[in-house]
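All chains are identified by letter, namely A, B and C, in their written order; residue positions are counted from 1 within each chain.
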Amino acid sequence: MSHENTEYRPYLEPKGFYAWFWTVDHKRIGLMYLYAILFFFLLAGLCALGVRAELFYPKTQFVDHHGYNVLFTLHGTMMVFLFIVPGIPATLGNFLLPLMIGAKDVAFPRLNILSFWVYLLGAAVVVFSLIGPPGSAWLDTGWTFYTPYSIDSSTGVIPVTLGAFILGFASILTGMNFIVTIHKMRAPGMTWHRMPLFVWSLYSSSLIQVLATPVVAITLGLLIMERMLGIGFFDAGLGGDPILFENMFWFYSHPVVYIMILPAMGVVAEILPVFAKKPIFGYRAIAYSSLAIALVSFFVWGHHLFVSGMSEWSRWIFSLLTFAVAIPTAIKVFNWIGTLYKGSVLLDSPMLYACGFIFLFTIAGLTGLPLATLATDVHLHDTYFVVAHFHYTMQGGTVVALVGGLHFWWPKMYGRMYNETIAKVGFWTLFVGFNATFIPQFVMGYQGMPRRYADYLGEFHDMHFLSSVGSMVNGLAYFLIFGNLIWAVYKGKRAAANPYNSLSLEWQTPSPPPLTNFDEVPTVTDWTYGYGSKQA
Amino acid sequence: MFDHSKAPDGTFFNFHKEPPVRAYEFFKLGMWIFLATEVLFFGGLFAAYFIFKYTWPEVFAKGSAELDVVYGGINTIVLLGSSYTMALAVDAAQRKQKKPLFWFLVATFGGACLFLVIKYIEWKGKIEHGFLPGTDLFFGVYFMTTGLHLIHVLIGMYFIGLLIVRAKKGRYTDEGSSHAGVEVGGLYWHLVDIIWIFLFPLLYLLGGNH
Amino acid sequence: MISDATEVAARVDLVQIFIFLMMAFWFIACNAVLVYFMLRYRRKGPDDEVSDIKGSHMLEVVWTVIPIILVFIIFYVGANVWKDLRTPPEDAYEISVTAQKWSWSFKYDHGAIKGGDLFVPQGVPVKLNMISNDVIHSFFVPEFRVKEDVVPSMYTNVWFQAEHAGVYNIFCTEYCGKDHSHMLGKVHVLDPDTWEHWVNTGLMPGEKQLTPVEAGEALFVERGCKGCHSIDGTKLVGPSVLDLMGREEILEGGERVTVDDNYIMDSIKYPDRQIVAGYPKGQMPSFDGQLTNEDISNIITYLKTISSE
């Protein structure tokens, strides 16, 4: 935009509360979202360690049954609503989307900061009402708020669901902003089929955010009304249907799984070609499979209700539809692996995370098969098998990709490099700890250990013990990883504008970028992944 | 307090806006996406309506018979009328006619007020006769759908009010100005109208009413 | 890993093994190739020879079509066995199951109502018709590979035909509050002779008739009373039963009552009628029709023995 040669000022330069709180710069908003979600990741993670610590041995160790239920409720609610749903889109997505398509900012910068404030408000409401006023019982409904338990519960269900309701608005605002940005703000020459795959994945996940979030909003709204006015929707006594709540809840909460995982897949698709120095394999297949996943994700919620008393033929249909979602997912995995073929693979930490993601995600995806199959799901439903399965997608998938993406783009975000050795040690600690936590859970789940149990039978002790030991390593890894990254912000070596020789637009501007991203709006003449012989 | 005029670049009160032509495209696409969100938002309620009506046809027939088609019908006409004046307002904005724009917006706002008054009378009557949200499933659905719609009418009125104030200042008709605001406000108001067009037959006409 | 105790469970396991083999194949295939590529094409220097392949339509088609076929096969096999898992034979022996926080109760054809453990005949198809008195529960017997939610608004069912006499775990698998993890029980699969003996006497062979106090205590534990009413004076969800008899309580609304046999019976059958001030309403499910009069009088006899002296 500016034609006179202005002096380079990194976007981080104006300091002070005002410059942050009132900022409309997508990069700062991305960072603030990052700090916020990592704070809740820490809190929710500590709750998870509390859960695992209690389960080292059967019977009660240090929290009673209600205390245990509160812990897993805190863990689930904060992880889902405060950490992983905003997760990658609001942090890396906010930071990178305009940079990647050659724009100065998102389409609605003020709406963007509004989304962050709304998020903070919702987060505050959720956290304060999870805990509740002194002396009152803490929320113990689980993050799913199933009726009629959540209607009978004497805990702060109304304020927590109100908080989740508010958070929904933050999510919708971000999604809407991204869609308009991608449609309307691409730099000249940045056609749809030249866009980085991360942008494609953000586009797909934004569609889900915009279309699924309102349904959970109305569902939680109805739950609040049920508690306040007794409207009877979910009350069997008035002819309502408690299962209706489950249907409406999962209509959102299953697609939301893809809000979490699609951007993670996008991150991996960015890292692989750069570190293999090769064009991404099957660009269009990966791009369209994101859209396919987004579409199909709306029609599979019923597999959460396979043993809920739902009619038999609807279980049949939902099983078939659930398998449909496996196809685009498999296509992605094959194409990622194909990208490495005849490449020049540099196994630095971002690449380790990307490959680690593929490894863990194959486990996550494949263990979904017996859960989608009617005959076997009946046995595995609501056991630790399910717990392990979705932790492989959420932590092994989304969190590993988020952390990998942070390593990849950290030099762009802060202009500094972290310590590579510690980063590698961090990755392997996480990898070992994570698998040690959740592989035993697959085993005991298959043996019939139900989830959400504060106490368990002696025969499950070995597996619980292993899992708890693993979880401590898993937790430790994050302190190592984030300690290294935080250290880099202050003491790290200065990073070059493009340390990996990436062709993507965000690397064609200084690190950290100036406020308006590019001195001149770039003109794009080729797709993002023109590596290979051209470079070599 | 901080003096916002001295705010650093890239903050809320000091950022580089896109030129009006681009902003127009942004706002319209943004509003269409938001309307899709709204449709899904009400979609949850409509789904509940159909499930419950299918399960308890007699409750819905009995409840529907208690509603007053006259009030509902008048309100439908009022809302349709206000949608029409809104469309005329958008047309006036496109032609850059300041006065007609202002008066059509005022007429739309008036229609919304009339809708509220009638709705108030109707609700008051229902509550006085002991029909409350917890009475049965029909009245649960009735109060939830019309109540949520009412909230949307109120939000719409807030925006139309904003448009009126700005239209008076010539924000949409002056040389070089963008009328995106009027257009976007119009889209929203039509949605409010359309939702009512669905609610009226479902609640008042289907089952029980003669 | 875990034994199967019905014929259908064995077939479910076949499906499971089939899927596990498929999973293992794809897991190993994908990751072997991944690791091979990672090592084989490891960067040796900045001038590595690099291919610029952008993709292959042939491969895309192949790895789209093959998974489609495979998941269809899995779906078909799974749905087929599941049909048998879900379809009880016409002549199944039916038992009514009621779930409530945090216990199971089973009502048999011959009129007996038993809490906690389930007794079924060996080699006979058994169908459980289940309903919940409060929140959603889920009935799960791992060895039978059956599970179905127990909901308040409608009857749901599971069926199984246990082939061998034995004892198996029952778990509640839908989160239902504080003592969810203690909502357990056992299925006792009895051979025909034992079954007949049990139906006639309500006792297992060698088991002695309980005294009223012992029977009352057993009910107090089995039916989950203990989860909310302590016997040591601690205040839990409901009032403690320590020194209950003859205690004067102030009810919600200010009325005073002296606890006697009738008050206890009333509280068991219609818990919300006479709530002691300071305790929440709507927490305790009604046991009306869930306990026989004999059961209730046994519980009362037992409660009289819980005294601090």
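Simple rule for what comes next: contacts are C-beta pairs under 8 Å (C-beta built on N, C-alpha and C of every residue); 3 or more make two chains touch, one makes a residue touch a chain.
By chain, with names taken from UniProt: A = Cbb3-type cytochrome c oxidase subunit I; B = Cytochrome c oxidase subunit 3 family protein; C = Cytochrome c oxidase subunit 2.
These numbers come from a predicted model, not from an experiment.
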What chain is most central when centres are computed from CA atoms? A
Could you tell me which chain lies farthest from subunit B when each chain's centre is the average position of its Cα atoms? C
Just give me the whole-number Å value for how far the CA centre of subunit B lies from that of subunit C. 48
Dist(centroid_CA(subunit A), centroid_CA(subunit B)) in Å evaluates to 34
Centroid spacing, where centroids are CA-atom means, of subunit A and subunit C in whole angstrom: 32
Each of the following residues of subunit A touches two or more other chains, namely 240-241
What does subunit B use to touch subunit A in their complex? 2, 7-13, 15-16, 22, 25-26, 29-30, 33-34, 36-38, 40-45, 47-48, 51-52, 55-56, 59, 132-134, 136-137, 140-141, 143-144, 148
Residue numbers of subunit A touching subunit C in their complex, please. 65-66, 69, 140, 142, 146, 148-149, 152-154, 236, 240-243, 276-285, 307-309, 312, 316, 319-320, 323-324, 326-327, 330-331, 333-335, 337-338, 340-347, 355, 358-359, 362-363, 366-367, 369-370, 372-376, 378-379, 381-383, 443, 446-448, 450-457, 529, 531-536
Quick check: in the complex, which residue numbers of subunit A touch subunit B? 1, 11, 14, 18-19, 22-25, 28, 104-105, 107-110, 113, 172, 175-177, 179-180, 183-184, 210-215, 217-219, 221-222, 225, 229-233, 238-241, 244, 248, 251, 515-516
Please name which positions on subunit C make contact with subunit A in the complex. 1-2, 11-12, 15-16, 19-20, 22-23, 26-27, 30-31, 33-34, 37-38, 41-44, 47-56, 59-60, 63-64, 67-68, 71-72, 74-75, 77-82, 85-86, 134-136, 138, 140, 142-143, 145-149, 151-154, 156, 169, 171-182, 184, 280, 282-283
